[in-house]
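There are two complexes below, and they share subunit A, which is joined by subunit B in the first and by subunit C in the second.
Showing the complex of A and B:
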């Protein structure tokens, strides 16, 4: 439960710093160990639904595997021919295999760190904390929040427009080209209504006194406390441990 | 008494419309604690005036503005940005787009944060305004889970938190069902009593508001004030102008106007007023010719045991019914009772989770899509969703061209339809540039050009002024008389009384009543209120008169 209560900005910064650090590790083993550490930490210290976690992780896994495969297949084999290993009946230079493994593990690790953040952070809290701790301009922050409210509305609207055009007797797109022109036809009503809605929301926000000024008070206040440095500590411990093992 | 608003010789012109002024020579004053009804046809610049009063214009205006506006003795342009929100608060029409946060308390807090209320004082203020609109229990709720009426009350609470001295309500009840509308008006009335703020009310439907404000400011299509004063004397002296401009009158007043040959007396503005001082309608008998026996019709659309769930939430539960040819059906119920979903299932746009719909004895699923569309027309709530082409003419010609008719026949048909809909002059315009009422008529026109025998409409009269409403209903009535079956979702009880032959009432996704309108009005009031329905004015007045007659016969 701890991860869910940390200051979102500090959490985001921590994750970013470790992602950058990972870029300088070229050995597969430390990356692998740190990956395990990250995932374990996510489940021990965070309240995470594992089914959803696996589902979100899957695309990264496929991507990582693709990376592994292409790096091996297109490796420069002319120089490193002294040591080879056998992989699924293929003879592959050991060096290029290790590079490929490090690359794909790094992808997985970046994914694990990002998911740790995403699964334990409330979007609204994150944005509010960005304003308060990282001095994000309120104009952008509240714009993003208002947009976030619109997403499900837009999804519903696409469905309605689709049905409305169907009623008019517009043929349903079968080929790729038809589908493309179909979406082009959806775009105009969707954009028209989105612009109008956005304008209305902007007017409503402004008439509640919103100016985009940084000088504002906060109902939900976010502070940085000692507790917020526990996560960097945990990750640093794992990182060092993985490095020196 | 202090003056809250003073507008002197205000002219406003948009860059996009260089030929005419949107607001022209506007002068008016509003004192502290005074209430004003701002009335006028669609597109007369009512909302533009709102933007001028809350300081949005001239800051955000693409165009020119002349004249002076004072709020509490200070020019709107002299206020710092954001400061004016503590003097003028606006509640807008669309409950969906007024919010930028996700929960009720955050949304109320948003305004307080903007004006820099210290953190310690916020909690108290939030509780206070939520109590004013009776929403304390929903403090932690997500905004998306609220009903339309609750959203509108929340919007009101957000504005009240800023303690403005002037409250502008820009059609706050346009999207609400009758009972939710009453509730919102009641809330505003109690707020008015508590805070004694000034009110400017912009509305199409005057009912319920006339007791709050007797003074009215009438605008015409050119954005000029043609009357400023008491609503009663406006009705007495300026009636022809009011009707010409398509301004809605209170329903009771309209009712008597339609039924009295000459008007010698002052007309009531509300039913309560009429009840206090009833007068007989000489020489007028209410005839209910809508109650035609339906034995001539044959089964047409049959729905059997329809269920529809979204994310395990039941939206429609076990609805079975049969529509007959030649019916004019009204589908009614509270906001969110499943009316729209049900109508879409009927039209074969939405597949039900369980159950089936047959048309002419054949299941909808087995119809060829193009044939089904020739059988059923469906008019969506937002007309823009249905527009495909780049001009009004092409829009109507679209479905004819799909059927490979020759250009000559198409032209003849399109022009006839445009003629009946009163859109002939606009045939080369882009559909998006039309006014609300014209868009609505165009969307209906695209559906009637094919002569579909079954027409479904989702709130066709929503948000229109009196004259475009009358034109639209005329259009539907002609279609009905030429033999079409019509089903229409609506909140307008008077419309049901005047046009419908059958009423379908939905309540929480279930079919709770299926009867003729006259039978519906005879049901106990508690039942109607539970379904969020009201008696139409016609029936209320008749009931009142009947009581009066009974009383007279008993006492004599």
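Showing the complex of A and C:
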């Protein structure tokens, strides 16, 4: 599948550029068309699990709805024309409604672009490509990779802390207030163990010769090829098409 | 970057990973608030998204700590998968710059409570400028936007500044920070 094999850095930049462009569009129709285009492109050119995709996408409808009604309710109406429309029995200035619709569609469109990136990109590949293409210092990049590796370990850590509290008979938090103090009891040990692990990892890496030098070799190399510019092309086509239609 | 020890970078990343997860966990809460109150909903809890800048800068006390930690936290959010996508890294950088600017103004020397709170407010300012353009606040009524701005400032000072300091201080008490600036200061204070 095309999208899954593109250079991660170029893909990320492409998505960012189009998100910035969307910020300048205040009309609903182009945003709507581009949204459809983005979703269709994701499924045609990417290998995406559609059930998971829908599950990730749904929450954004709540955000978009919140944006819709507040932008109407708190709109800057000074420059608007006097045209009104009827919305569920309420009269709303037409211009406010159109801008609100555009803003909430924008949220959905940004989400669609992001999901396109997330669902077709391997995380480690992304970091490696950031070092190789975008010149991220290896010292930081490998620090991030090491930190990222702690994530599953922290899940276990939470279980251990939970068990340790239970065995000592600390209350398990039924009411909301107890739950809150429970979080406080968890936060410090969790952070402390994360810091200890990080220190040990850093020492281990340095003792094995990691210097963070830019002149290093890579087992997995990433290159930018002509193929990587197909995605910007596809999206640009959709963006122009949506704009002039 | 050269006066950083590698240990500090990995610890900074570990902190960023923890708070990257926390940040993601707060997104749905923000979403619910937004559903009820509109865009202003985010501003009540916006400070939580600046907290790692304050904690990392307060613990490590080196130029760039606030900026880097916020950027890495954003990167982790992207790696785990979130709504805003790779663009979030830019958001993280912008928030980090706000806090970093305040620490830079004290030449990375002063880490008193008021500086930490000001740093939280610094992030609030830069993130608000970004939000103004990217989220289209321009379409909202002026009074509403001003209210959003002040609530975000307060949230940045209280949640990021105050809570961030409290968390870091209790971490110092556990003794895990002995090889970092905050831990050393803590030991010096207790020895005398």
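Throughout what follows, the second predicted complex is superposed on the first by the 239 of 245 C-alpha atoms of A that agree within 3 Å, B and C clash if a C-alpha of one lies under 4 Å from a C-alpha of the other, contacts with A are read in each partner's own complex, and residues count from 1 in each chain.
Note that in this section a contact is a pair of C-beta atoms (placed from the backbone, for glycine too) under 8 Å apart; a residue touches a chain by one contact, two chains touch by 3 or more.
All of these numbers come straight from a predicted model, not from anything done at the bench.
Annotation for the three-chain superposition on subunit A: subunit B and subunit C fit side by side.
When the shared chain is aligned, no partner comes close enough to touch A:32: not subunit B, not subunit C.
Look at A:218: by the touch rule set out above, it reaches subunit B but stays clear of subunit C.
Applying the stated contact rule after C-alpha superposition, one finds that A:168 touches subunit B and leaves subunit C untouched.
The partner of subunit A that touches more of its residues, comparing subunit B with subunit C, is C. Between the C-alpha centres of subunit B and subunit C, as viewed from that of subunit A after superposition on chain A, lies an angle of 70 degrees, to the nearest 10. By the touch criterion defined above, A:206 lies against subunit B and subunit C together after alignment on the C-alpha atoms of chain A. In the superposition on chain A, contact of A:137 is made with subunit C only, not with subunit B. Of the two partner chains placed by the overlay, subunit B and subunit C both lie in contact with A:146.
Of the two partner chains, subunit C is the only one that A:62 touches; subunit B does not reach it.
In the superposed model, A:229 makes contact with neither subunit B nor subunit C. Touch criterion met: A:192 reaches subunit B and subunit C at once. Once you line the two complexes up on chain A, you'll see the smallest CA to CA distance from subunit B to subunit C is 7 Å. On subunit A, the surface touched by subunit B in one complex and the surface touched by subunit C in the other have residues 146, 148, 189, 192, 197, 201, 203, 205-206, 210 in common. Per the touch definition, subunit C reaches subunit A in the complex via residues 1, 4-7, 9-18, 21, 28, 31-32, 34-41, 68, 72, 75-76, 78-87, 90, 133-136, 138-142, 144, 167, 170-171, 174, 176-177, 179. Those residues of subunit A that touch subunit C in the complex are listed here as 12-13, 15-16, 19-20, 23, 26, 56, 59-60, 62-63, 65-67, 69-71, 73-77, 99-100, 103, 106, 110-111, 113-115, 117-118, 123, 126-127, 137, 139-140, 143-144, 146-148, 150-151, 154, 187-192, 194-199, 201-203, 205-206, 210, 212.
The residues of subunit B lying in touch with subunit A in their complex are 51, 54, 56, 81-83, 85-86, 88-90, 92, 94, 96-102, 105-106, 109-119, 122, 126, 143-144, 155, 158-159, 162, 344, 347, 349-350, 369-370, 373, 377-378, 380, 382, 384-388, 398-399, 402, 432, 446. Residues of subunit A touching subunit B in their complex: 124, 142, 145-146, 148-149, 152-153, 157, 160-161, 163-170, 172, 185, 189, 192-193, 197, 200-201, 203-211, 213, 215-221.
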